[in-house]
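Going in written order, the chains are labelled A, B, C and D, and every chain counts its residues from 1.
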Amino acid sequence: MKAHSKIASILLVLSFLFLTACGSGNGNEIVIGVISPTTGQSAKMGQDMNNAIQMAVDEINGKGGVNNKKIRLVFADDACDPQASTTAANKLVSENVSAVIGGYCSSAVLPASGVFNSAGIPMVVTAANSEKIPENNYKNIFLLNSTASAQAQTATNYMISNLKGKKIAILNDNTAYSVDLAERTRDAIQKAGGQVVLYESVDPNASDFNSVLTKVKSKTPDATYWTGYYAAGGLLIKQFKQQGVSGSFGVADGSVDQTLIKIAGENNAEGVFATMSPLPQFIPGAKNWSKDYETKFKQAPGPYSALSYDGMRLIIHALEQAKSDDPNAITGAIAKTKGFATFAGPVEFKANGTLTKSNFIMIGVKNGQFEMVK
Amino acid sequence: MNTPFLKNKSFLYILLFIVMIAIPLITNRYWTDVASTAMFYILLALGLNIIVGYAGLLDLGYSAFFAVGSYTTGILTTQFGVSFWISIFLGAIFATVLGVLIGIPTLRLRSDYLAIVTLGFGEIIRLIANNSKFTGGASGIYGIPKPKIGSFVFQSNVLLYYLMFIFVLLAIFVIWRLGNSRVGRAWKYIREDEDAAEAMGVNGLYYKLLAYGLGAMFGGLAGSLFAVKMSAIAPESFGFMQSAMILLAVVLGGIGRISGVILGAVLVILLPEAMRSFSDWRIFLFGVLLVLTMIFRPNGLWPSKKETEEMDDPEPLKGGSKSVVS
Amino acid sequence: MSLVEVDEIELRFGGLVAVGDVSFQIEEKNVVGLIGPNGAGKTSMFNMITGFYKPTKGKIIFSGTNIVGKKPSKITQLGMARTFQNIRLFPSLTVRENVMSGMHSKTSQGIWGAVLRTAKQQKEEKEILEIANDCLSFVGIKKYAGRLAKNLPYGIQRRVEIARALATKPKLLLLDEPAAGLNLSERKELIDLILRIKEHFQLTVLLIEHDVGLVSEVADKIVVLDYGRKIAEGLPNEVLANPRVIEAYIGKDDD
Amino acid sequence: MDIFLQQVINALVVGTFYGLIALGYSMVYGIIRLLNFAHGDLFMLGAFAGFSVLSLFTGQVGFIGIGLALIVSVLVVGLIGLGVERIAYRPLIKKKSPKLNLLITAVGVSLAIEYAVMLSYGPSFRVYPIQLPNTGFHIGDVKITYIQLGIILFTILIMIFLQLFIHKSIYGKAMRSIAIDDTATSLMGIPVHRFIGLTFFMGSGLAAVAGVMDGIYYGQINFLMGFLFGLKAFTAAVIGGIGSVNGAMLGGLVLGIVETLGTVYVGGEWKDVFAFGILILFLVLKPTGLLGEAVNERV
């Protein structure tokens, strides 16, 4: 008796799930999908992105919507995991979204972009920036954040020209994003006539980097550049200073977070330089926006909030241009974008979906805060 | 009273089969994707069940075999233009060989040591995938083509779902027959009491290796299918969490029994999808579930087999004091 | 002719000599009893013959082959079967499956046979089932065939273990304290069973027992161990009258 | 040469942490032959308990604050360790469940602890509310900070205390006799479960000490930090000989040195491959470790 009632109940659960799955938007609204990590280790980043996207949508809906239709957002959690990401992407496709925005971890964006490509839905990626994404040559995937090679170039220029560095050490945390950036920085430095005295990977889950840093110290570098995330970055800075390694320490955009300074300790972090996509607090025109964001969500915008806000505005702009919510028309309109104004300056795309112009800026830590470097 | 019950049960199995066939036809892309994920989890869980459920060896690094299958298909199809069908075959062979190579020195160890060794080994495989050039390093391999027969390409999710379904049916058939054979019984004897099994002439090491190799093979198969389904693979997918989830699938439904393992795999995939808003609670709840299952229902959620009394020899026997076999 | 020749066997655990310099023979179709007080080295002796312990010195010849250093499973395949002092069944398997394990060493089907269900495999499976049922009937527990081993009373579990050993079709059956924990009527049934086994299967039996009375009722020959050494060997009534044996037992009681 | 010596100092500090966690692993395994998979997570819990205590202080935290954090953390985590034994393991041990079930339970406990902490403290890294100065002294070109010295000295103190406790008190004898035969021990009137509980409490407490010291030294904690550390600690326990107190410490130091040398001569990304590689080598070639005694399994 028990066995078959069990199977029956499984069938019941299954059919229930399918029923709830059905039901999609009606003709009076435009459905836009948001894919970002809202659970797992990067949950905060995803939430910061979602907030900014919601803010842009609320603004336009407050003005009566676009093309006389209101925009409705559908959120899907990719948990920064490739497997969860394809499921999330398929969920959005099933919801008949017109376009998709989001994408924080490159490793999750890679498989998801394949799903959107085969479904013909445009995606505006507002954080992830691995070079592997454009290498697929998908015509409907657009990267609003400059890719690793642009950042590598910005970092190289700063270290070689501004710091007058010759001997550079590069450390990465062995994740897709970090290795990619590290490799490109190494190549750029060598091309610019600098010398890469040490190129190493560290385990981001470890907390003791002294052995690597002793190795760095022995090479007496003029600058050390870290391409990983802020948690390990903070510890590296702290132990870097403890050991008294020569030269300055710099980090890439993944480490630009107030927590980096807290982990490292204010004294240790002083003078650390960073390459970063434009944060609202560094852009004169974005001061008011940051304030609005804080009033609305009771917290400061995250590193990718501004880009996500601009990404959503870009999609709205494309909807207006295309005068349609057909995915293909939106793709076409985004590809044809010319000089669309964002916090980081005017935006347009190359054929592979990356920005024509790098938007990276140099910032540095002063008195425990990140500030623009003049 | 047995016959109507049996009929009822097989009726339900047929119904289940029809539902499984119908899923992509009556639902949307999302549920087809979830169902495909469930399919390949079933395959993984069935494979791990040979090792954990049948032979009683705790393997905490099963995702290593799954990684070998994935990377074999990923590398061969993208860099050498090898057909998927050859790559899945080779993937299964590599996984099996690796399983045997790892098994020879480690299967002599005590069961708890084995658990940690397999865990360490799983991490080593993940790190190799992460640190090596030929595996695409940390960003993995992308642009893996879909399988095809002649000019027919398994392009859509639906076709891939059916492909996986066929593999799952095949696996059920093979593992069910193995489980009910001399080999399957030998595994269970080892699981129940290795010394006693040895005393009955069962070569423990040989059968443990066999279980390990076969389990690895199914892991490799599932890995190849995973690679073509995802089209991009990265080392993140092959960590300890993956191994733990597969283990949970095996334990939750009913360790050692095919129907239980399938139920477990479906639950492990379906529950988090059904409770998306609780997803932060997911792994916590899974951990608690593992503990509760072991304490209260060590044989899993699937109902246990009934014991039967048989008629025979008139000579009555008086039992002594009741005891537990230790 | 002797089926087993134990030749100057020695077993040390570190510095401790558990069994030292013991030799004896087991003649074919005899019931031999191995007795001795607690800690005399009976079980160690037993574990060496069955391959669970490796002796540090000496030879054990079983039907012409030296089995020292062979795995237990290999020794079982050569025709030896054992029971355990503290019953070692496969607890969550049925009694029938337990007894079927005995046929493992007499059959050969592997993966392909199992998956393809070849004619040969099916024949073997049928044979395994038949023999298992026969053995169950012989020890009188067919009724319990479908029950899980762990849910049965002690006396029945003992019989399952003997049935399982019989299913290996052994030349030599080794019983490790089969009477331990049995009540009087069960003990009597056990004596009957051992005699029936000997007669019906024409088997050789090595019996380890604490219960000297039981051994003297069934054994053709008795070997006595004390402190790891052999102190007597011979016909039951001779051995039991041997003053050294009496001293070993009584001296022990006085401790 | 100086660089090599500096690396040895680095290795010593890491090894100290591994050793402290390995102690608890070893003690629990020594007494009930259970591989407490969740042990690394107790270390993590210790770090978080210390975090909570130190967060109560405003302004500069002195030695009193650190002492308080250590004591509270040891008590809290010790009790949680006791609770885990009581709730998750004891029912199975009493039922004489197969070892497989116990191990699976341990994996479940580990996941539950990790994600319970994630749910209450959040998934991101937390910064320890204490910043100690970088000052230290030089021996030649080798720099040793006072914190490093403090950690090493404190650990040596704990080791001495443990040695005395195990060898001079009834506890050590009871522990060994339980390991040999728990039924016989309980027949002799020794409260076996109380001693098992005490072992869990002490093992968990040691992990908590390591957790707080880790938090203070590195300054950053996360709910998953125990997983890798636990594995490494197990490796250390195996290298030293599981069940042996001195072995656990020695194993920790050996592992620290192996990892550091691996980082120096091969590369940081292969560090863990070295650690797990040496674990497998030891288990296969010398399962009793450097200082362990052979354990006979009863037939």
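The rule is simple: a residue touches a chain if its C-beta (ideal position, glycine included) is under 8 Å from a C-beta of that chain, and two chains touch if they have at least 3 such contacts.
Just so we're clear, the structure is a prediction, and the values are computed from it rather than from any experiment.
Ranked by distance of CA centroids from subunit A, the top chain is C. The interface with the greater number of C-beta contacts, when B-C is set against A-B, is B-C.
In this assembly, the C-alpha centroid of subunit B lies 39 Å from the C-alpha centroid of subunit C.
Each chain gets one centre point, the mean of its Cα atoms, and the points for subunit A and subunit B are 35 Å apart.
Taking each chain's centre as the average of its CA atoms, subunit C and subunit D sit 46 Å apart. Between subunit B and subunit D, the centres computed from C-alpha atoms are 33 Å apart. Under the contact definition stated at the top, the residues of subunit D that touch 2 or more other chains are 269, 272, 299. Multi-chain contact residues of subunit A (touching two or more other chains) are listed as 39, 43, 174, 201. Shown for subunit B are the residues that touch two or more other chains, namely 130-131, 195, 280, 324, 326. Contacts from subunit D toward subunit B in the complex involve residues 33-35, 37, 87-88, 91-92, 96-105, 107-116, 118-119, 227, 231, 234-235, 238, 269-270, 272-273, 275-277, 279-280, 283-284, 287, 297, 299. Subunit D meets subunit A in the complex at residues 3, 6-7, 10-11, 13-14, 122-125, 127, 131, 134, 143, 145, 214, 218-220, 222, 224-225, 228, 259-260, 263-264, 267-269, 271-272. Listed in rising order, the residues of subunit B touching subunit D in the complex are 52, 56, 58, 60, 105-106, 109-113, 115-117, 119-121, 123-124, 127-128, 130-131, 191, 195, 240, 244, 247, 251, 280-281, 283-284, 286-291, 293-295, 298, 324, 326.
For subunit A in complex with subunit D, the residues that touch the partner chain are 39-44, 174, 200-203, 205-212, 214-215, 217-218, 230-231, 234-235, 238, 241-244, 259, 262-263, 265, 268.
Those residues of subunit B lying in contact with subunit A across their complex are 5, 8-9, 12-13, 15-16, 19, 26-34, 37, 130-131, 137-140, 142-143, 155, 157, 229-234, 236-237, 259, 263, 266, 270, 273-274, 276, 279-280, 282, 301-303.
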